[in-house]
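The first chain written gets the first letter, and so on, giving A, B, C and D; residue counts start at 1 in each chain.
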Amino acid sequence: MTASPALPARPDAAAPILAVRDLKAHFRTNHFGVKRYVKAVDGISFDVRRGEIYGLAGESSSGKTTLIKTIAGAIKPPLEVVGGTVDFAFLPGYGGLHRAPPAEVARIRWRHLSYIMQGSMNVLNPVRRLRATFADFARSHIDASDRQFEQAVVDHLARVKLDASVLTAYPHELSGGMRQRATIALATICRPDFIIADEPTTALDVVVQKDVLGMIRGIQREIGSSVLFVTHDMGVHAHLTDRLGIMYAGRLVEEAATAEIFRRPLHPYTRHLISSLPRIGDDIQRKGLEGSPPSLADPPPGCRFHPRCPLAMAACSERVPDMVETEPDHRVACFAVNGDQAP
Amino acid sequence: MNGYLIYIVRRLGQFVLVVFIGINLAYVITHATPIDPVEQSISAATSFGNTAPDAIEQMRTSLRELYGLGGSPVEQYLVFWRRILRADFGPSMSAFPTPVSTLIGRALPWTAGLLMISTIITWVLGNLLGGLAGYYQKSRGLKLMGVIAMGLHPIPYYILALLLLIVFGFLWPVLPIAGGSAMNLPQTWTWDFISSVLMHAILPALSLILIGIGSWFLGMRSLVSNVVTEDYVVYAELGGVDRHRILTSYVMRNALVPQVTGLAISLGGIFNGAVITEKVFGYPGIGSLLVDAVYAGDYGLVLGVTTISIVGVSIGVLAIDLLYPLLDPRVKVR
Amino acid sequence: MNRIRALVPAVCALALQLFLPISSGHAQGIPQNIPRKELLILENPEGTIKNAGWFNIWAINAGAQSNGLQQAALDTLWYIDPESGINGVWENALAADKPQYNADFTEMTVKLSKGIFWSDGVEFTAEDVLATVMLQIKNPGMRYSAVMASNVASVEAPDPYTVVFKLKKPNSRFHANFTVRWGAVWILPKHVFEKVPDPAKFDFNKPISLGAYVLHSFDPDGKWYIWQLRDDWQRTTLGRFGKPGPKYLAYVDPGPPDKRVIAQLNHELDVIHDIAPEGMFALAKQSKSTRAWFKGFPYGHPDPTLPAVIFNDQNELFKNRDVRWALALLIDIKAVSMASYRGAATISAIGVPPTGTHPATYHQPMEEWLKNFEIDTGKRKIKPYDPTIGKQIADMLRPSMGEQIPSDPKEIARAFGMGWWKTDPQAAAELLEKAGFTKRGGAWSTPDGKPFTVRVMVEGDLRPVMTRAGTMIVQQWKQAGIDAKIDVAQGTLPTRRAAGDFDSFIGWSVETWGGHQDLSYFLDSWHSQFVAEPGKSQPQRNWQRWSNPELDKIIEQTRSVGFDDPKSIELGKEYVKLAVKEMPTIPLMAYNVFTAMDQTYWTGYPTAEDPYTDPVPNWGNSRYMFVKLKPAH
Amino acid sequence: MLRILRDLLRYNPEFRIGIVLVGFVLILSVLASFSPYPPDQVYVVPPDVPPSPTYWFGTTSRGQDVFWQLTFAIRNTLLFGGTVALISRVLALVIGLVSGYKGGWIDRVLMSINDTFIVMPLLPILVLFYFVMRDSMSWLILALIMACLGWAYDARLIRSVAMSLKTREFTQSSVFSGMSTREILVQEHLPYVMPIVFSTTMNNMVWSIGLEVTLSVLGFTDINTPTIGGMIYWANQHTAMVAGIWWWIAFPTAIVVMTFIGLFLLAVSMNEYIDPRSRLSRMGGAS
């Protein structure tokens, strides 16, 4: 596996738990004559290190969800992986879940890789009590007697401040926050190495949200998992994540430690995202970006941000800027920041 | 649980109301028949014989008396309800003086047996195959099943039944085509009788299954193809939940909820009988009893069959409503 | 792939082997544990009997009649055969002799046969006859209560083998009640019924037989009845003809027509009561062993019944005989014969069925009169009768049916009938105009200016051939500009017929003994004394509600002459002439019944060559078939 | 509209097959107007002729051309099934949506009525109607009666969907945004129940046409108007099956099957077209 030139090998760090290289996942649809070729994920590379919470930010329809679906191996037509690799440390040698044999994938699911889904309102089977759902997902991965397993689940639920009685409940009998906490418990019961969390708090009200975020952090610390945390909410990222990647129109445009990004955003898009965060006592009308995110079916050439970019130059509409590590651990793809390194 | 109790009571009230309205409607409709049971009896009794015309009038009078057609409409109505409450439907007019309940009692086990078993088989097979076809949308075999189900579904039942009869009763005569059991076989619980009943039920049941499976199949297939896109199914797949478990407890279990309602109503409907099945296969049952009774203007018998059917279907609907919260816990008891 | 192909036949063979042993005993629709060689399987046209365990035939319509009960188990005084009879048309059964009337027909004396026993060993005597009469008079709700009560003043038995009926009023045909033509008043066992508190509510299960067969077993669901020959069959009225062939009789409900054909092709149904003509043709073509009344076309047995277009003569429109005649002249009987029977019909222009002894008694002698018969259309006189129609039908069929269509005029007349009315739209139009009808724009209007609408009521599925004839006649009337409509009254027909709630219908109000020339069997009921007020229920038979003083006179004269008196034939001819002139109903043809008989197991069925009785298996008369049947092998 | 049709035609094989089948049947029914023979006349052609170049579908034992007879039959049968389906769908939709959305005593009253209709056995009612109506029992009246008897089960189905829709957020937000009941039902809920309506329409037509055939077989039919059931009735009266006149039964049956397979395929492809999920992929949403 050769590393992309934009991402030099880092001999000093431990091997990353997830290494994504030049991943391309496209939607190819031909529906009633409307042919679409949507480059939802178009050449993305990044690493997630052991024990960190890696945030992924971007507007809706920037390709975040497609990216994590691809990583999680939930690839169903019309989505297809066109190129690149996804390597988990616990699933070496295949270059992605989608390429691994089903038995292997089944082995690692939940034990090593779990998932907290967007809109967890509907992720729990409505006609199944939680006890059965826990058994469905986790029983086969935990080598214990039934009673021990039950006890493990109850203990684990306590971590997310849920009473054992929720096990006998149906999902609809729980409040939104409880349901989300139950989902988190479900995703972490097997102490997985890697958790993918897709907008887990979006639908919750602010107080509950904070609570839930705290729990994710707490559990993550306790069991030492890595988390790939996706949300459009920069505020959440600021609270939670260790490192942050910014996506725009199917590509990663900037990546650095979260604090670094908030302190010194380099990419014009990142700057826009951060400056649009409200601050207390700030009554200045924020200047919005002009235009709207591009259609991924027909993206603009060169840097996809250039039609909306205040710093756009001639090269931006011609070539795609590479991710360049401008400072240690801080990568950005922008000609305005890195200069045009055209040959 | 208190809420559920109130719900049960309220629902039982509705059940009683529906049954009451239904039986009354049936009473009105059956009494609107233009067929005069007396005339029908006389015609049947004298159509071949040489009966003096002046004797006919006397017969009319005595039959009218015998059949209890005297009395004002209100009196007749009250007598009817008094009998119903004692589960007595009075005597049949076309088989006077045999009680209606005796006639129904003879026919009902055949009908109930055949229809209950074939309805359940149809339902199970249709939903199973339909569910599989919805889940494994690429399977060629299941696609073919879909086409066959689609093609069988609209064939007029009479034609299908007659075809089966010709194929298995004449061209390749391996199955009995008439009656509920072999002739001259005493109806006792011997192996001979039971196996004969089973053999005789194959063709009627097969015809009912073939014709009925399509709608369950198609319905279940489309239900399942909706359910598989639900978040909880996708999530379970991501969670590496056993595929078999996903298919049964996640996909089928959710898709089945509306199908169970259909099953209950079809099961209630078995009291209507299957007239054409009985006609084609000479199978004993309540359907031909009903049609005969309608012909004969025997509204006592019609009303008896109808009442049982109304109660049967109502119980089916009631059972579903009471069980629905168990089937679909989301439905809150009002 | 090849391996799979090789497997298919193997699997099929295996499946066959699995199937066959199980099915061998069950597949056939034949009774278990009874040697097929000793068993005659007949269709009971009553179908499934919903009250299967009821054998009390004397209760009104409570159970089955032709499930073998009246054919094999019961008996009565006399029989008149619809054909020529096994030993002459008249058969003295329980009676030792013909009925003896006194001079004014107020007393009838019957001598009974000796040595006849009930199946439980009790001897049949005059007491049984007395009980049959008195029990029904005492219990008014029974089948023959009314007939007995209205006729019998008293009945006595001077000795065990003599019965004397004293009648309330003169009746020269009282014995007809005890004379089987299809059915009659069956004799009941006194020693059984005298112990029953309410004979109308007694099921008579298991029945005691007076006939040669006893009940062996029956289906509680009413699909089949099996009767077994009595060991003492010699002590029944069939005894004198020798031992009946079949040891067992099974009367079954074989289901819809298609199935009856299949059952006979499978040799599981020896006698089919009736099927559609097409089914008969299919059987004749596919089964070498199937035999019908006629060896070839037209196959069916002509019942002594006369399907006709029966008008409601109380209806203003049909009160005028010119209108009735006009409608008759618009009918093309050849097309009706084709449509209803595919040509296999025996037509009749006059109001007597062309069956049994009737052609010789009525049709042939009256041919000349018919040829010269004239009607006045108002503009001219025409002779409507065409004596060649029977031949025309035969000629029409010969190209497709070939050899089996007879060419001998006598044979033609026997099979297809003689003449009928020539289709004459011109004369019909003149008659209608004479009656005050007008034709405007191709459509006829009644004298009061309304469209001339004629509904033709048929019984649909229950009488398929009548329905087919009716649709054809409607089509012909329509083509002539009459607003004719078919009116399917399946189920409601008996009620509507009795109430006179129809314009016209296809059915019969003429049925005769067949084997006897006396017409009073139906004619008596045509007397105007029995015609009901419009809207009221009509007593049986005179469905046309036709009142005619001349007819009344004929009927009254008939009542005063004896049953066998040749004068009654002359009176019958008077009736025929009157009915031709007045056309109260339009006679069409005999009711041909396609009784199909399978000769695989039994031979000796009644046929046109050996017309010893009627093969139609629901007739009480069909018992004589049993003694003539011989095993085929 | 035309564009939708073109798209469906070009890219959806199911729709293509469906349109061919239904088109064939429709053309056949339109041809009825050009029949050389009046539908109710018998013996206009030689009887019992097998299919041949002269008589494509053969002739009946009544001397009718099966092809032309079939054109009338399928036209009347489709009109019949369509009428029943249309009227009963409207009833089922209105009652199901209102009952499910409104709940409370309205729901209880409507469902009591609904359940009464569900529990009433059909056959005796239809036969008794037939007895009472006599020869004025035309297909239209039969269609109206059957429509009145055939909505109840589907109304219950739609009600249950409406009940679950009611708990969804978009309904709540519609309520808060001040939409009237009618607007919510028509604009918000109707699109969700349309697929059910489509599939129940199919079932309803199969049901009504099947029942028409059943009544015909039992002899309760208007034999003046040729329908599929009417054809089977007459074929049955002439024991066509055992007499070897298979074409009298095979062609009507084949046409009925074709009609329904065609309608089914159309419904499936239309559903796919209006399905929100598939609409999304057509519009090219990426995530």
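FYI, contacts are C-beta pairs under 8 Å (C-beta built on N, C-alpha and C of every residue); 3 or more make two chains touch, one makes a residue touch a chain.
A quick map from chain label to UniProt name: A = ABC transporter ATP-binding protein; B, D = ABC transporter permease; C = ABC transporter substrate-binding protein.
Quantities reported herein were computed from a predicted structural model and do not represent experimental measurements.
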> For subunit B (ABC transporter permease), which other chain has the most distant CA centre?
Replying inline: A
> Going by CA means, which chain is nearest the middle of everything shown?
Replying inline: B
>> Using mean CA coordinates as chain centres, what's the gap between subunit B (ABC transporter permease) and subunit C in Å?
In response: 38
> Whole-Å distance, subunit A centre to subunit C centre, using C-alpha means?
Replying inline: 90
> Taking each chain's centre as the mean position of its Cα atoms, how many Å separate subunit A from subunit B (ABC transporter permease)?
Replying inline: 56
> Hey, how far is the Cα centre of subunit B (ABC transporter permease) from the one of subunit D (ABC transporter permease), in Å?
Replying inline: 22
>> If I count partner chains per residue in subunit B (ABC transporter permease), which residues reach a count of at least 2?
In response: 34-35, 162, 166, 279, 294, 330
> Considering subunit A alone, which of its residues make contact with at least two other chains?
Replying inline: none
> Counting only residues that touch at least 2 other chains, which ones in subunit C make the list?
Replying inline: 256, 258, 262, 491-492
> subunit C touches which residues of subunit B (ABC transporter permease) in the complex?
Replying inline: 34-36, 39-46, 48-60, 62-63, 65-66, 92, 94-98, 103, 106-107, 110, 162, 165-166, 169-170, 173-180, 182-187, 192, 195-196, 199-200, 279-282, 284, 288-289, 292, 294-295, 297
> Which subunit C residues qualify as touching subunit D (ABC transporter permease) in the complex?
Replying inline: 256-258, 261-262, 275-276, 278-279, 281-282, 335, 338-339, 342, 455, 460-462, 464, 467-468, 471-472, 475, 485-492
>> Can you tell me which positions in subunit B (ABC transporter permease) touch subunit D (ABC transporter permease) when the two form their complex?
In response: 10, 14, 17-19, 21-22, 25-26, 29-30, 32-35, 147, 150-151, 153-159, 162, 166, 215, 218-219, 222, 229, 258, 261-262, 265, 268-269, 271-272, 275-276, 279, 287, 290-291, 294, 302, 305-306, 309-310, 313-314, 317, 330-331, 334
> Taking the complex as given, what residues does subunit D (ABC transporter permease) use to touch subunit C?
Replying inline: 40-43, 61-62, 127, 131, 134-135, 218-224, 233, 236-245
>> Which stretch or stretches of subunit A touch subunit B (ABC transporter permease) in the complex?
In response: 72-74, 105-106, 108-110, 114-115, 117, 119, 121-128, 132, 136-137, 140, 170, 172-173, 186
